[in-house]
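Lettered A, B and C in written order, each chain numbered from 1.
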Amino acid sequence: MIEFLRSLGRWGLNTFQRLGRGHMFLVQMMAGMPSLTFRFSLVIQQLFYVGVLSVLIILISGLFVGMVLGLQGYNTLVDFGAEESLGVLVSLSLVRELGPVVTALLFAGRAGSALTAEIGLMKSTEQLSGMEMMAVDPMKRIIAPRFLAGLISMPLLAAIFSAVGIFGAFLIGHGLLGVDDGAFWSQMQAKTDWYEDILNGVIKSIVFGFVVTWIALFEGYDATPTSEGVGRATTRTVVHSAFAILGLDFVLTALMFGDI
Amino acid sequence: MNSKRSTEILVGLFVAAGIAALFVLAMKVSNLGDFTDDKGYEVVANFQNIGGLKPRSPVTMAGVRVGRVTSISLDPDTYDAKVTINIYRQYDNIPVDTSASIFTAGLLGEQYISLSPGADDFYLEDGDVIDLTQPAVVLEQVIGQFLYSTAEGD
Amino acid sequence: MAPLIKIRDLHFNRGDKVIFNGIDIDIYQGKVTAIMGPSGTGKTTLLKLIGGQLKPDSGTVEVDGQNVHKLSHSKLYELRKRMGMLFQSGALLTDINVFENVAFPLREHTKFPESMIRDLVLMKLQAVGLRNARDMMPAELSGGMARRVALARAVTLDPMMIMYDEPFTGQDPISMGTLVNLIRRLNDAMGLTSIIVSHDVAETTQIADEIYLLSGGKVIEKGTPETLKTSGSEWVKQFLQGLPDGPVPFHYPGNDFSKDLLNAEEQR
């Protein structure tokens, strides 16, 4: 019993310590941001690795998620004779929920894990330490550009996901199942609001981008500098990101749409 | 240098695609495309009961969309619902004796305001009030009335 | 002459383990000073303390008259521009080639035109004999070459001192000889101050002007290689001559062997 309490206490302390370190890391990262205005080419390079390389998986997943939504939505709606509302169903589910959430989950798996592995490897091969000794602050040179790139990429990727998803649903709904295309678009436009739905979705995706990139970079920077440690850190990035995304999604949804 | 250039081009394409996707969502998917609120004029209509009418519900005339509901509040004196309607600028020749009714699109669909034009020579202007209104049909009331009348008929 | 680096009463613990228990070290301008000791005595830790990457529990480290651990972030980074460090692994940036690695400090800290950077980088690469390897990626280099590239990178900003972390470990005899020569030549040609952390006795005694022997968190002995060789201390003799047994026992301290065997019998 004593042993159990003791390990519980140790676990608690470790958790709070990591939480504290993570937030100190965030502050340092933010402090490194202003220097990026002079070195924007570093951010562009990272936008390539974080953003461009994630586009393919986002396009394919978005298309299929949209097609499945179209199929499932149609089968449910047709029972109520409301298949004209397919456009609304698809656009609201994608723009409000699936766009930001699925994109963030894919982003954590594709870009987040890569970031953790990269930073962790740089740490374990003393590259970060070496940079420090060359009077180059790795926070400014390595971490901050990646963070900003993640922050910029996520909303763009989520928008691409939603747009492609809606297109996929349209392909299935109109092309395969014969929903009237005029009704599809007009119902969608009537019920999807720019502020209420789309901007809230964009805010969600920015928040997710912030959290996922932060977790990924911190896990890499805080990793035990061995190959095993980096491997564990990469796993943690994906797991913790997924928890954070889904938990935050609930909180944000409650804040944004809860009172309607 | 060459690889740096292609990186930059790809990043540019990526950002452009993302912004284009947002633009498509704004214009094609949402109602931002017909966001012309500030270009129209506002009139008020008082209803006894608005049923399920909501802000941004459509306002139509002869089935054509001519505006939208901007706000709904309760008149503290008459206990009527005070519905503010924004009508698009191009429809500036709606007679003042026009009547407004709340209808439902389909059996369970959304509710909207339908305007039927009067015959007056004066047209509605910003701040005017539509006097002739017909409240929303509440399904429960209709069923109640139907049951009551059939019971009476027996 | 005042020492360039002055370490006074330095204490450092890692967890419960005492790494340094009050050490004093003076390192003089223009000299090659070696810090030697068995593995796990915190020699690398000492370099990190000098570079300001770690903070001591107590005691001071002064470099060029400045207390490293009292400096502000920006002052510390200014000071580090005048320090070079050669990591055991080389710590080359793996995503850029040899040329860019050596050019990295110049690109970060100066606004030199491209042609000037090129000249400077080729000069440094020439000095370590790897000018023709400039287009190779770090992964294609052998361990000795990687260390030489790292050395070229460490001197690109013409620092006042260089710290070498185990420069001889895991090198074949040829690259070992090259490195030994290079360290001494660079030190004399550029007027550097060199600190070598190592446990390779033969190579280190060859080039060091002064040697500090560390063990158990203390400075055991210091002096020129000659005086150390004639030292009366049993420990120094064991370390320098690499005897398997002596004051540092061959067996990790603990139970007696015969007792262990008997215990095993009892357990069965």
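Operating definition for what follows: contacts are C-beta pairs under 8 Å (C-beta built on N, C-alpha and C of every residue); 3 or more make two chains touch, one makes a residue touch a chain.
Please read these numbers as outputs of a predicted model, since none were measured by experiment.
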Topology of the chain contact graph, where touching chains are joined (line, ring, star, complete, other): line
Chain pair with the most C-beta contacts: A-B
Chain closest to the assembly centre - both centres taken as Cα means: A
Geometric centre distance via CA averages, chain B-chain A, whole Å: 35
Inter-centroid spacing, chain C versus chain A (mean Cα positions, whole Å): 43
Interchain centroid distance [CA atoms averaged], chain B/chain C, Å: 76
Residues within chain A bordering two or more other chains: none
Parts of chain A lying in touch with chain C, wherever the complex brings them together: 121-122, 125-127, 129-137, 141
In the complex, chain B residues that touch chain A: 7-8, 10-11, 13-15, 17-19, 21-22, 24-26, 28-35, 56, 58, 106, 108, 110
Contact set on chain A toward chain B in their complex: 44-45, 47-48, 51-52, 55, 80, 82, 91, 95, 152-153, 155-157, 159-160, 162-164, 166, 185, 188-194, 197-198, 202
Touching residues on chain C, where the partner in the complex is chain A: 48, 51, 53, 77-78, 80-81, 83-85, 87-89, 91-94, 104-105, 108-109, 150, 153, 157
